[in-house]
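What follows is a pair of complexes built around chain A, which joins chain B in one and chain C in the other.
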Partner chain A sequence: MNAIIEYLKELFGGIKTLLTGMKVTGYYFVHPKEITTQQYPENRKTLKMFDRFKGEVSMPHDENNQHKCTACSICEINCPNGSIEVISRQVEKEDGKKKKELDTYIYKLSMCTFCGICIKVCPQDAIVFSQGFEHAVYNKEKLIKTLNKPGSSLKEKVKE
Partner chain B sequence: MEEFITNSKGKQEEEYIVNMGPQHPSTHGVLRLKISLKGETVERIEPHCGYIHRGIEKMCERLTYQQIIHLTDRMDYLSAHINNEAVCLLVEDALQIEVPERVKYIRTILDELTRLASHQLWWCAFGMDLGALTTYFYGLRDREHILDIFEETTGARLLQSFNVPGGFMNDIHPNFIKRVKDFIVYFRKKLPEYDELLTGNVIMKERTNDIGILSLEDAISYGVTGPSGRGSGFACDVRKHHPYSAYDKVEFREVLYTKGDSFHRYKARVEEMWESMKIIEQLIDNIPEGDYAVKMKPIIKLPEGEYYQRVEAARGEFGVYVLSTGEKYPYRIKFRSPNFSNLSAINKIAAGFKIADLVAIGGSLDLVIPDIDR
Partner chain C sequence: MAFNIYDFTSFNQSIDKLLYDNLPPFWALIIEMTLIGVAFLLFYALVGLFLVYAERKVCAFIQNRVGPNRVGPYGIFQTFADFIKLLMKEIIHIRKADQFLFNLAPFIVIIASFMAIAAIPFGLGLHAIDFNIGVFYVMAVSSLGVIGILLAGWSSNNKYSLIGAMRSGAQIVSYELSVGMSLVTIVILAGTMQLSEIVEAQRNGWFIFTGHIPAIIAFLIFIIAGTAETNRGPFDLAEAESELTAGFHTEYSGIKFAFFFLAEYMNMFIVASIAATVFLGGWMPLHLGPLLTDLLGNWSLKFNTGVDFIPPFFWYMGKTLLVIFLMMWFKWTFPRLRIDQLLKLEWKYLLPINLFNIILMALIVLMGWHF
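== the complex of A and B ==
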């Protein structure tokens, strides 16, 4: 007799625990407003990432197509993966002095681990993280990017 | 293990060798377990590592101390911030730099948030291993709030690389304190749901109670740390016994269970979530003003010698050993990853149980495979 009581106790106790769990799921079934899912591809236009989000390295240009990069290569030295390549050229100024200038700033997105060291060490704040996160492409070559726009030049420092 | 190989050649004919993994949904990664079966009972387990070996320790020998940090993210990716902190603490300790109080407080808060996020993911994956698919969505729903906090302050959801030797990359976001407070209020309401959904569940209890017993002696001799070790009664919490950052300023309980079965390992983790929330609540209102980083030299050179620093990661004791010759690169670096030691005890834990229990045991150990292979 005891065995039967034990068995029934176990059976109903088990059913009770299952119902406790179903109470939780049932609550959310009738309260759909508490569900926090984002409808991602549909909300693409309104979706805004956080300001500090590490999307990809980019070089901001102002309205005169000028950037701040002096081609000092500190970012290239500090990059742990070799995903940055700064190619510079020597330009002769009017006064006859030779000066290093940025030719191409190559950024290999496929090798980048988004550690953010390059942006931290940049003395000119010439590069920043942009918020784009949709990096999928069909061709691997498209992940090798040139950050400075064609025809861009170095922004002269404002004289005080 | 030699005995095992001779057995596989057919000396004991009734033994049956099965590979679990490298691709198996319940191993959460590329872990291969060579299981020797007798009927349905597990006789022996031989773990085969190395399927996701990236040679991080060797890579670190050609990286500066600032650059090493981003690789420690990629070992135990669920406690990325804690791993970062270990390297930073080591460098600060070696150079005898005192970081501001503000950094210590924020580090501790972020540590505990990482631990919460990690345990939430473990909880949902553990439920899924046992066949309760619902838990997966409930756990991830709450984890999303923590990831938002991380994303706003550090810029990344999982692999933050926010720590640098001497402090942080940035100061915390102005919304940080409010968001953390909101989250604690929110999660205090949601955590009892975890118990209702899974802890009391009869199927879960049947599948974990008295399954996979690890005795205290074995836990100590195999070096099983973290909640897995504390489920066996092994008082191994580094936060409590060797406090770092701001852990000496907070009060919390070291969660200890005695039985050492899968259920007690489970309970230890769920209890730890409550303790983590307590720690955050004690610190979040008292973050001191000050700098978020100490100005460091651009090239960090550690003085000649050996250094070791340990922290409590989400899965156990994480240690960094550095042998420096005074260069800007470490001569040798060794990571003591908690998962490798936890995995080593799996033969002791699972032998004698059914093969279906192995899934529950693996889930309760909470293995992260990239941390095993490094």
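== the complex of A and C ==
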């Protein structure tokens, strides 16, 4: 008798789980609004990528054309495929002290795997992933980018 | 009975008479067979293309996608483009394959589905052959396809193909039982195996309503077993992509692959149309039975004459497409069964329930407890 009850329990339990699954897919079938596909080339104007999207590495500058990069080259050391090259220069301050400053931040997009280690290790949070993903160009040289803008300078930390 | 504008019998007889009056009987027969063959070929191609498109769209909507939408409005010409691509593909010559069987296999699969479709009534008079053992014939013929699958797996000289074919063999041998038994349940209720008479017997209510509980159980079992017999998901072990690359048709390319592909969809169509014919009344419109007529009186008669104006072919197609949609819904919802689960489902669940169901149906028919 117990075996029969077990058998029936298994049978109806199985039917119930199957119907649960069919309910989910049936719901999506009759709700076309749930479609997540982006009609990409058509909606290019309105397409907004999500915040955590890993586009390309970029260096944000503020309104005074200042960035946060101290040219410590930690990102360059950590990059697994050598797509970052930080060139620094020595400048003399008013008080006579010598200080290292960022000259050019070269980012080779063609070598980047978008692993995000450079962004993780940056102590100043000077670099971030931007949202751009349309990387196609006609010339490979165009993929070698300079991230700091011309004439930019280091944003001094405000002492609290 | 009143004159029926959707009755094709007199139309068919006039063509028959015209041919036999003007030609020797042999040639008249040949021409008739050719006409029907061409009609079926056209129907076959159109239905196949439509089903592939429908499946891709249904699958896309279930998975929150859009599906094909580039070729033509809503992508309706996508399958035509795919078909042209398949036709132009190179047929790869398999050097160590058994050439004769390898080339024969796709034809066996497609001929089996062709033979089955001949016995299906599409409408009054739209019926190629009306056997008095129609149900039996369809069951026998539709299971011929497995020979093609086994041949394809064996002759490809490829372990994946062979494993796929053997799985398919085990699957069809087991599920054939369930298909047969569930049809037998309805044959008990109808008292005939002739498909045209089965449809006619459903004039005052489809069997799924008149046969109530056992008919509904038989319908569910038929749908499950029919899905298994067409090698469709969740029973697609024979071509389990993740395990066997493509199963029995791994080595096929171009038009031969297209044959297998088309045969799969046509088998689905055939199973769905048998389900529609035997359980849902075939081309018969939805008539309210005598019980409801007593209850509703005049309204019921008006309803019955109203639905008669919808052509039977549309009724038939509507029901078939409904069953096909159900099978697609299964495919894109359930995960694939393992081979032991597959056999357990058949031998431990479907078969005992089916046997019990036949006894129940026999009892109900004997006692006259059906509507």
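General observations
Keep this in mind: the second predicted complex is superposed on the first by the 123 of 160 C-alpha atoms of A that agree within 3 Å, B and C clash if a C-alpha of one lies under 4 Å from a C-alpha of the other, contacts with A are read in each partner's own complex, and residues count from 1 in each chain.
Quick note on the criterion: a residue touches a chain if its C-beta (ideal position, glycine included) is under 8 Å from a C-beta of that chain, and two chains touch if they have at least 3 such contacts.
Values in this document were obtained by computation on a predicted structure and should not be read as measured data.
By the touch criterion defined above, A:Leu8 lies against neither chain B nor chain C after alignment on the C-alpha atoms of chain A. When the shared chain is aligned, chain B comes close enough to touch A:Phe129, but chain C does not. In the superposed model, A:Ile117 makes contact with chain B only, not with chain C.
When both complexes are overlaid on chain A, the residue A:Lys54 reaches chain B alone and has no touch with chain C. Touch criterion not met for A:Ile87: it reaches neither chain B nor chain C. With both structures placed on the common chain, the touch criterion links A:Gly26 to chain C but leaves chain B unconnected.
For chain A, the partner that touches more of its residues is B, with chain B and chain C as the two candidates. Looking at the shared chain after the overlay, A:Leu18 reaches both chain B and chain C.
In the superposition on chain A, contact is made by A:Gln39 with chain C only, not with chain B.
In the superposition on chain A, chain A positions 18, 21, 24-25, 35-36 are in contact with chain B in one complex as well as with chain C in the other. Those residues of chain A lying in contact with chain B across their complex are 13-14, 17-18, 20-21, 23-25, 35-36, 49-50, 52-54, 78, 80, 113-117, 120-121, 129.
Those residues of chain A whose C-beta lies close enough to touch chain C in the complex are 11, 18, 21-22, 24-26, 28-29, 32, 34-37, 39.
Chain B contributes residues 63-64, 66-67, 69-71, 74, 134, 138, 141, 144, 151-156, 159, 161, 164, 169-170, 173, 193, 196-198, 200-203, 205, 298 to its touches with chain A in the complex. Within the complex, the chain C residues that touch chain A are 58, 61-66, 329-330, 332-334, 349.
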